[in-house]
Each structure stands twice: as structure tokens, then as C-alpha cells.
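One chain, chain A, appears in both complexes that follow, with chain B as partner in the first and chain C in the second.
Let's turn to the complex of A and B:
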């Protein structure tokens, strides 16, 4: 199986996760782990760059919803950028975009979330 | 404190608790926040140090909130027997001994262990009608006293509220689940819709299969998948595309449609779920615990299959369901049609390329035009013939392209109007140049139904052939020229040794005869004599080598050799004699002297080729065979044919012959055997 990769960097208060691969159960868990550990250290704004993730399934999406629910408790935010059209469509249908924001680029997301 | 005041305080304390409970029930969202708040109130109100609220769903029992006790394991199990026993305490509570009776602390039962950890002294089952939604369990009171009836009453009141809230929570959760299910259905439908759209627009098979695969994997929550396709003349299926699988493992695996599990898919044309030990060898190849295989059925035939492995859930790999089969079949049946279309498109392209390469390789110019007379296509030969770039030809009207060739334009017009073919041979193509000689034919273009589409013009550039024809037509018959032009391998005009038959004829006593005639009469007589003779020579495909004075030299076997060269030479000679007899009959009627020619024929090796100076080259043959032929001619009397032994051997019994006395020939030691052909 191909590995799902997550790389993390911090830009001010925003934690940027860059993913690579199929956002399924495994991919979602990896994202969730990263978010959990940063939430424990007080971070609550996350931007996921999905440029290299062209496929998601509903399990991956439901994990993202869980992350959003956790973040809501601490008034945190989850946002995404560089979404493939098919991924954006899936997020829309699964109701993800009601509780999180989509940016077209990482720069746009960072400048908006940092302000 | 007076008992009255004590009671008052107690009532006030309980009322405060209930008031607080109201706030918790109203403000808390989600079962976790709710139970946490309610447990806090219960513990405070009951003055207990340990307690927990369990949520129950079927047999699964989850600690929603707890205090003073270890959380693990967070998921417990409550069995049907225990649930049944708890039902006896609906709207009531259990004391410590009743708890121990149902949840034996000595057993390893997970819920019993949890209650034992709590030292559970009082327990309230939370029933909504007959449905057990949860359990509230409390440890001992701080002060070690036992729970009094008022405590129990207040606990029941609080628990009743908690039950209602948990029921509402469950309803909300159910609605959320239903909403999620609905969204998943929308996603499935959207995927089917998207796929059908992209299937109509994508015509590359690999791109198409990749799209279908990715959408299938994500829609069915599979962890990975691949598409296999059938190969011509082999049962082995090749990998067309894959997603999220170990490529190396896939490459090394052999999948055959004649072995399980594919065999049954191919036989029944139905999707199957592959799991269990029977399919272990196949599952090992793919590292799947379970997979689903759906055939891609196109035009009745199965062109391949989609294999999706390991359906994901939040709790790990779960079995594929019937609904997954339905969705995958819907996707794969669309894929089948689309892949058929893509294959058809590829076949058409291949046929088009094949057609173009044929058109490009043929020497004849082929130009097609539409109903408006605009050029649609032109092949390589056409581009070269017209001396223009393809874009200067395509789209032009034929009357512009062939503006100087009225005949060709008229033929195209007629072909279009009358829907018949027209052709002309050996005409100049003036639109190119005066010296370009072509044969052209024009035919109307129709489709399979016979509807008129335009016209096709085939133009054969015969400029070169015309030159050859002009060169040779003086020497050889048209059929020889045609043969030469058909196969230029036969045309070897360089020097070479070859076997030929030579025929000589000359007019006996011509010099004496010509002296009695005017020069004009001599020329006229010779021309009419030669004309008669040459017709016969060409009739038998002889090559007129030369005419010297009244002498004719004809070669059979150069430039083209044939098996019956000698035979044709003798037939020519016989024909010439017969023609000459008729010719003389006419002359006699005109009171003119007869022409009496003698003919000699020899066969043997000669040197042939273009012989002469660079200014005057002639294709001829030379050698002893030629010289002997000329000698035989000189021996032949008027209207007689003399042939050599070699010619006699060739013609067999075709004509009767009579052996004559052998003759001495210069340069030959032995006398030469000669024969007279009896005509």
C-alpha cells in the first residue's frame, strides 16, 4: 500500500499540514494524531494543504468532521487549501464546508487565518 | 438544628440540584457534556465519591462519564440476560446486593468488573419504554451512610430527566447518522453522474480506467483497487490501472480469467465478494482481507474487471455489503460502455492511420472533395503532383485547383451530377505543366446508404511512362511497352548477355527493282511493305531492332525474355510470308512488281543493351547469333523461311520443316545445319 504522508509546519498560530496520498481511514487517523498533539499544546487553528491528495473517501471525511467537533470546543478552526475539484465536491456534499473554510492557496489561507 | 430546619435545608439543597440539572439539560450539547454535568449533580446531591453514567446500545455499553474510577476499558458489554434482569427495575433502583446478583463481581464480565471498581451501592437503569439507554451507578456516600428513600427518590427524578435527554440525544444522533447516510447517497449519485459525464468525454482507455477506479475506490471506501483487462489470445489479465496498491506486488502476481475467483465472474457476468480461506491464494496475492470483483461488460463481452479491496470503517476493515455490489456494478457497467467507445475510437484511429499510410504509399494521387466541391483530403502523391502544400490544397474548390484543366473539371462535374465514373488516359495536366501527362479517373463518393458525399479523383502521373513509351513504341509493340512499364525490373537496358531469337528479312532483287522506280515510288513501296510487316512483328511482340534499306531486323527475347521467343519468331515469319502473298496479289492487280522477301531466323546468345555513341544510342543486340541470322536470311529464297537447328529444336512440331544442306559459315569450322519452314 502507498503510504499517506503528513508534513507539519507552524506559521505563527496556524499549524499547516501538507498531505500526500489517499485520505482514507489511515490518512485521516494520521491527520487526527497530528491535530490532537498540537491541540494539547494549545494550538487550535489548522490549515490542511491537500494539493497532493486527489482522492478522499467518506471515512477520511468523517475523521475530519471529528477534528472539527473537537476544535469547536476550543473555538478552533480547520481550513483547507489546494483542493482538487473532486475533493472539494466531496467536502461540499458531506457537509464539511459548513464548518470549515476552503482557500485556493496556502498563502491565501495563511493570511486570512493569521489576521 | 431543629429537624424542621434540617428538612427545610435538605429540600432547599435538592431544589438547587434540580435547578442546576435544568440548566445542564438545556445548555449541554452532545451526550458526553450532558452526562458529565448530570453525573456531577448526582454525585453532589447524593454525596457520593464515585459514579459513572453508561450509555447502552444493543449489547455495547460505553462509559459516557465517570468519576473516581478507572476509565478502561471504555467499551463494555452488557448481555441480554443482564438487560432482561434490569428490566424488572424499570423506573426504580437496585441496591448493592441486587447489583451483585446481576453483575457477579467474581466473574470477568466487563460491566461487573466496572461496578466492582465503583463499589456500586446503588444503580438506576435508564429505560425509555422497553429500551435500555443507559445505567447510572454510584459508589458509597462520603459519610459511609446508606442511601435513604429521599435520596433514591431524588436520584430517580434526576435519572428520569437524564433518560429523556439521552433519548433526545439518541434521536439527534440518529438524525445525524441519517443525514450522513443521505450525504453518502448523494455522494454515490454524484459520483455516478460525474463518471457518466467524464466517460462521455474521455476517450483514452487508460485515463478512463484510472478515473473509474479512483471514483470506485473512494465511493465504496475501499482501501485500494486495480483494473484488469483481457488480452487477445491469452487468459492472463493485464493490469490497466491501479490505485494505492503495491505496484511491484501487483506486477509479479498472475491473474487468469480461467482460474478462481475470476472464472466465476467471467462465467456469470456478476460481481462477487471474495473472502475466506477458499480464496486465500488470491487474497494473498493482493494482501487483501476481502475484496469485491465486478466485471466490466461492454458489448456483451467482458473486457476486464474492477477489483476493490478492504472496505474501511472507523473500526477497521469491515465486510463489503450488497449495496457496494450495486454501486460498483452501476459504475462498471458505465465503464464497460465507455471503454467500448474508447476502444472503438482507438480502432477507428488505427484504421484511419492505416488508411492514411496506404494512401500515402500509393503512387497515384488521390483527392477527395465534399458536396461543395471543396477538397477534403489529398494524399502524399497528390501533394507532390500538384506541387503545393497540403494547406494550399485542402479546402480549395476543385475548379480553382484545376482551373486550366477543363476536361478534368467537366469530368468531376459529370461524376457529381450523373453519379457515374469518368476517366481519361494520357492527357496533359495543364494546372501543373504542359509536359505533365496523366491518366485520371473521377468517381462519385457515396456512403453505405448510397447518399452522395462528394467525389474522388485519382490522377496517375504517367509523364515518365510516356517518355519511355515514346522511346520504345517505335521498336516494340504496345504490350511489350506495357509490360516494361508494369515491371521495370524487366527493363534492363544496360549491356548483358541473353538468349534471343533474331529474325532477318530482306527483299530479293530490291536494288534491281528500285532502279526501275522513281525515288518517291521506292519510299512509298517500302513504307507500305514495312507497315504490313511491322504490324505482324508487333502482333507477336517482336522488337523491331532496325530497318536498313529493305532489310528488317527483329529480336524476340530482348528487352523482355519469354519462353516462346523462337516460336513467336517463326509465327511472325509465317505471318509475314502470308501477308506478303496478299500484299503481292494486290500489287499484281495494280500491275506492280511483287515484293519477294526471304526470311532467316536464328536463336542463341547475344549481347544486348544500348549501343552507340553518347549522341546516338540504340537498344540493339550483337554477336555471332545475329550474324548467322543475317546469313540464314541471305540463303532464303523469295517468300521462304530458313531457320537454324537451335530454332528448330525450340519450335518442335509447330510447323513442318525440311532439312537443307548444311552451309559453311565464316568463322565456324563445322557446316551449319539449316531448315526450311514449309508454309
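Let's turn to the complex of A and C:
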């Protein structure tokens, strides 16, 4: 069973998800559930901190594409921070950076997303 | 140790079992003196190859065979399943612009393998598929 964990906090209008573990289909679904719940409450800016997620697969990442699609309806934003080099490379190959932003740190992300 | 050291691994079709393969690939990459970047690229490609093998499988009771061969300065990895096979020539290159509007967001595995490894070849019949990937030192 997956031991992927997501912790959530709000920093102003930004919902910060901090992941821990292998981002596979189950991990992707957990992220999606959190985002869906907050979107229902009117939030539309999400920053995913992947510092503790050094391994992903394309099924988990493809669920992020679903989130991007949903956020387009509210002109929302999805961003990520603290990506391992291979995770960033994977996101680039899959084109996620065309629709979302990668930040080096959570602080940088929050500063930009809150401005 | 032989001239072309070989590591053979057989994994069951169980969720996350691809990570057993990546643990092995890390050790092999370290033995070869590959950079961390290349080791990580191999891990990611191997994850995708295993997931594809799992999905092609006719049953959940099968095994996926993984062979690592260190051939001089090149690592050759073969991932073999006894699944239903597929025609790699008919697989479209995924584009996120199309995926955003599509109900089918998946289908990135082959593209990732091709981008991350130096070479990729497929042999596939309705009795199974072997993906052969290489990474130079």
C-alpha cells in the first residue's frame, strides 16, 4: 500500500501541499482530492512542495494535468517547488511547465503567487 | 566477475514493485560509476517500462523480468513481460496541449523512456513485449 502523505496549509490565498513519498497514481489522487476540496471552497492557487518526493511516475504526474485543466476554469494557478532534478526533468518532458510554474523554494513560490 | 556482468531480476505485478527494480538499478549504476543524473534517468525510465509491462499483462499473477547487462561502458536494460503486446509505431507522441482537453491524460511512458535513455527498442508479439534500453556512461 502507498505511504504517500500530503499535508496542507494555507498561506493567504495560496494553498500549500507538502508531499512525502512516491508520487504514483495513489499519490496523484490524494493531491487531486485536496485540490478539489479547496477549489470547492473557492481557492484556486496551489503550490505543491515536492521536497520529500524524489520519485514520481507518469500516472501520478498525469493527474496533475487534470488539476491544471480544472484550474483553467477559474483562471487558477498550479505551481511546484523544491523539485528533485529528475522530477523537474520529467515535468519538462511532459510539458507541465507550459501551464504551471516551478519555483526553487516554497518562499519564492509564495512570494510570487501572493503578489 | 565476467566480462559482461549481468543482473537478473523478476518482479511480480504488484503496485509499486517497480521500486524494487529501481533499487537494483541504483546499485548497478553506482558500480558502473554513472553520474547521479544518469542513474536517476535510468530509474525513471525503468519505472515507466515496468508500469507499461504491468499494464500489458494478461493477469496479475505474472512476473516481469528485468535484465541489466554491463557491456563495456554501456548499461543495457531489458524489461520483458508476457502480456498482450503492442505496436510501438502506432503510439502517438503525447502533447500536453492535447492532453489538457482530452479525457485520457495518460500515455507518457514511452515518450519519457525515449527522452531519458540513449536508445530504446521494442520487440512485441501477442505473447509478450521486451523493451531494451541503453545508457552510456
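Please note the rule applied: the second predicted complex is superposed on the first by the 113 of 115 C-alpha atoms of A that agree within 3 Å, B and C clash if a C-alpha of one lies under 4 Å from a C-alpha of the other, contacts with A are read in each partner's own complex, and residues count from 1 in each chain.
Simple rule for what comes next: a contact is a pair of C-beta atoms (placed from the backbone, for glycine too) under 8 Å apart; a residue touches a chain by one contact, two chains touch by 3 or more.
The structure presented is a predicted model; accordingly, all values stated were derived computationally and were not measured.
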- Task: Check chain A with both chain B and chain C modelled on it and let me know: fit or clash.
- Result: clash
- Message: Applying the document's definition of touch, where does A:68 land relative to chain B and chain C: first, second, both, or neither?
- Response: second
- Task: May I ask you to decide whether A:114 touches chain B, chain C, both, or neither, giving the answer as first, second, both or neither?
- Result: neither
- Message: Contact-wise, after the overlay, does A:7 reach chain B, chain C, both or neither (first, second, both, neither)?
- Response: neither
- Message: Tell me which partner touches more residues of chain A in the superposed arrangement, chain B or chain C.
- Response: C
- Message: Per the contact definition in the header, classify A:99: touching chain B only (first), chain C only (second), both, or neither.
- Response: second
- Query: For chain B, which of the listed stretches 254-262, 290-298 or 344-352 runs into chain C?
  - Reply: 290-298
- Interface residues of chain A shared by chain B and chain C, listed 1-2, 22, 24, 26, 55-59, 62-63, 86, 89-90, 93-95
- Note on the structure: chain A partner, complex, touching residues on chain B are 179-180, 183-184, 186-187, 190, 194, 214-215, 217-219, 221-224, 243-246, 287, 312-314, 316
- Contacts from chain A onto chain C in the complex sit at residues 1-2, 22, 24, 26, 55-59, 61-63, 65-66, 68-69, 72, 84-86, 89-90, 93-96, 98-99
- Item | chain A to chain B touching residues, read off their complex | 1-2, 21-22, 24-26, 54-59, 62-63, 86, 89-90, 93-95
- Contact residues on chain C for chain A in the complex? 15-16, 18-19, 22, 37, 40-41, 43-44, 47-48, 51, 94-97, 99-101, 105-106, 108-109, 111-112, 115-116
